[in-house]
Amino acid sequence: MPPSALTPFDRLKAACADDWRAYCQHDFVRQLGAGTLPGEAFRHYLEQDYLFLIHFARAWGLAVYKSRSVAELRQGLDMLKAIVDVELGLHVDYCRQWGVAEDDLLRIPEARATMAYTRYVLDAGNRGDLLDLHVALVPCMIGYAEIATWLNAQPFLKRDGNPYASWIAMYASDEFQDAADAERRWLDERLASVDPARFAELAGTFRDATRLEADFWQMGLERRF
Amino acid sequence: MPPSALTPFDRLKAACADDWRAYCQHDFVRQLGAGTLPGEAFRHYLEQDYLFLIHFARAWGLAVYKSRSVAELRQGLDMLKAIVDVELGLHVDYCRQWGVAEDDLLRIPEARATMAYTRYVLDAGNRGDLLDLHVALVPCMIGYAEIATWLNAQPFLKRDGNPYASWIAMYASDEFQDAADAERRWLDERLASVDPARFAELAGTFRDATRLEADFWQMGLERRF
Amino acid sequence: MPPSALTPFDRLKAACADDWRAYCQHDFVRQLGAGTLPGEAFRHYLEQDYLFLIHFARAWGLAVYKSRSVAELRQGLDMLKAIVDVELGLHVDYCRQWGVAEDDLLRIPEARATMAYTRYVLDAGNRGDLLDLHVALVPCMIGYAEIATWLNAQPFLKRDGNPYASWIAMYASDEFQDAADAERRWLDERLASVDPARFAELAGTFRDATRLEADFWQMGLERRF
Amino acid sequence: MPPSALTPFDRLKAACADDWRAYCQHDFVRQLGAGTLPGEAFRHYLEQDYLFLIHFARAWGLAVYKSRSVAELRQGLDMLKAIVDVELGLHVDYCRQWGVAEDDLLRIPEARATMAYTRYVLDAGNRGDLLDLHVALVPCMIGYAEIATWLNAQPFLKRDGNPYASWIAMYASDEFQDAADAERRWLDERLASVDPARFAELAGTFRDATRLEADFWQMGLERRF
């Protein structure tokens, strides 16, 4: 591939470049990197992200259901393990550090932005096939990986004493980055053979999901339900 | 039943009385009745409601899929006919009156509030059974019937020269009110036999859907995407 | 298109030519044309076909849910009307003529072959997208149209006094043939742009569904549950 | 509970006692215990059971999607791990011992009985809620546990030199029996609060699934596709 060529996934991003930037470089993200994000905003985000993860796990359960091969079953199962066995626990730990007990997490009302994004993904998956589902899911998965990498390259990043350093480190970790890379490769392979009409359809889903992810940051910033 | 007794559906509403009132007596609704709603707000609402109806039809398609009897098949089919054969056409006519051509309708971006409510309903239906789906759908169907009845009883209602008179008349019509009554009876019958834990679960869905309906009015009022 | 060229749908059939012939020219079909099919076999088939139609309607409800455009909504709705408003009624009439009352129809146990084919179609649709669903459905719809046309061209067809003449006439009618033609055109358009791997996947679904349709005739012939 | 009282799950079995017995004490099972089952029949069963497990995993993926709590997510995930990380591997090992290479497994056509049972379960789960899905799944899970226990108590059981001893031991193991017990407890708790109409509906699903499991043994015995 010549240096200038775009991969299929790059083309998905390019088709909604402004929305992708608005999401990945959102004020919530910048303040997180600068260490200036109000603790209340982060706590609100964390609580909603816990609820988000439950629906995200449901989405990967749906991916398992939609599988057509043992390889696809394992891909879905690996993601489920990462979310339910690892990420949910990290969120509970985090929340405890920020003063929210696990029992409280279950009593928190679900914010509109949480409902909007999660249900959009689940319906995209139910209406379409496994590729539709992945395309709706990746703004989260690959987006967080890109955000962590981007933050680590910014001059405004506060490295010492940043209360959000461990959050950034988690998504910058080899483990998370490798998972995002694997997902990118899977997508590139699948997207390579779709015709233009199908690509346009998927690009619409990707753009919607990206906008809903940006709304999720905004919800955190404004501490809205 | 003594006069004071609540039907099961009344209990669903009572379990989220403030949210139900905030939805049914929303400023958008009041301004519509008073004839003071800005035309731009109504047009924005109409356009999004057209997109809403498409997903609403999808939800009744899902109801047909979820049916366990010929009677349930027919119930879903009747609703589909009402939406696709009647309501969609009325919306196209309305939009034309308000200066929006049918072709334009297909180019309008879907607002967040539209995505949030429609996908919530569809996921509630896919996750649960036919009753979950109906409970998520009825804030729209029965809500609109109650809103039209309520408006017609308000002193602030502008009857002459109200540009929204035909909208109110449509939902106050015998046809629409009868459909809402039938739905209420179906729900009351189903809800009568559920145990308290299941009722609480359904009441949560009903409350969420009601809040998302109120957001839909607010989206119209603020002309937001 | 040169005379020798195959349409995409022809290629689906060609990919399982033996199975397609075994289904369309099944002994049940031949005996039906010759007027020699035992009445008991036809009655058993009719009863199961009534149950089949209920799930077939559910499948078209699923198609409505899976729609991405108003045109697709209408396509699904038209099929639902044809099945629920017309075909179910014809089946009830037929069954009455063959000595089975409508109430009895609801007490009839579902045969294995009925469960196998209907649930296969529904899962193919839920797992994949709208195209997967159609490909699983068409062996029934287009198959019946081809069977009626084929029978009408066979020397062994008994025209006078054939107790199954009206059954053949129903599927040979312009109305049914036109619906099958419309479905063929829709499929040809969709299949034209899929890549070979996707075509192979769909061909597998089509072959499975065709085999399960042949099993359905066999079930009738053997009067099995 | 007095000794004579039936648990809700016992009542499910009692509602189709003949079908349950026909499944659990099927000739395939008896010959397996007696060590007289033809190797070809067992191999055919094993190959189809491998395909079955793939859809069984899809069903537990669907259970994850249908979850309403973290506890339900974990229940589904645990079953997925047991199937994909353990049982599939055991099947590949077994198949190798019986002369079937892993690559061959992927080329084996799916038998009708495999399609019928697996798709029935998946549709029951998609149409209804998580309880419908479990009720359709348990004839397999709890049935295999009961079969292993029953075989170990039969005078005709061949203990020494039985080529199927390790198969029986696997399902008689504490690990498998404990999982079946946990599932029984979950079901008993859920079934305890359903009203009679709902119980009858679920009993119908349980009976159908049980009959389809018996067909699966019969398919092995007759080496049918």
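Odds and ends about this structure:
Note that the chains are named A, B, C and D in the order they appear, and that numbering of residues resets to 1 at the start of each chain.
Basically, a contact is a pair of C-beta atoms (placed from the backbone, for glycine too) under 8 Å apart; a residue touches a chain by one contact, two chains touch by 3 or more.
Model, not experiment: these values are computed from the prediction.
Note on connectivity: the fewest chain-to-chain touch steps from subunit A to subunit C number 1.
Seen from the Cα centre of subunit C, the chain whose own Cα centre is farthest off is A.
Of all residue numbers seen at the subunit A-subunit B contact, over half occur in both copies; the interface is built from largely matching residues. Centre to centre, using the average C-alpha position, subunit B and subunit C are separated by 37 Å. The centroid of the Cα atoms in subunit C and the matching centroid in subunit D are 32 Å apart.
The residues of subunit C that reach two or more other chains are 58, 65-66, 122, 126-127, listed in rising order.
Viewed as a contact network, the protein chains are fully connected, with every chain touching every other. Listing the residues of subunit A that touch subunit C in their complex gives 65-66, 68, 126-129, 132, 193-195, 197-198, 201.
On the subunit C side of its complex with subunit B, the touching residues are 54, 57-67, 70, 73-74, 76-77, 80-81, 84-85, 88, 122.
Those residues of subunit B lying in contact with subunit A across their complex are 58, 110, 112, 115-116, 118-120, 122-123, 126-127, 208, 211-212, 215.
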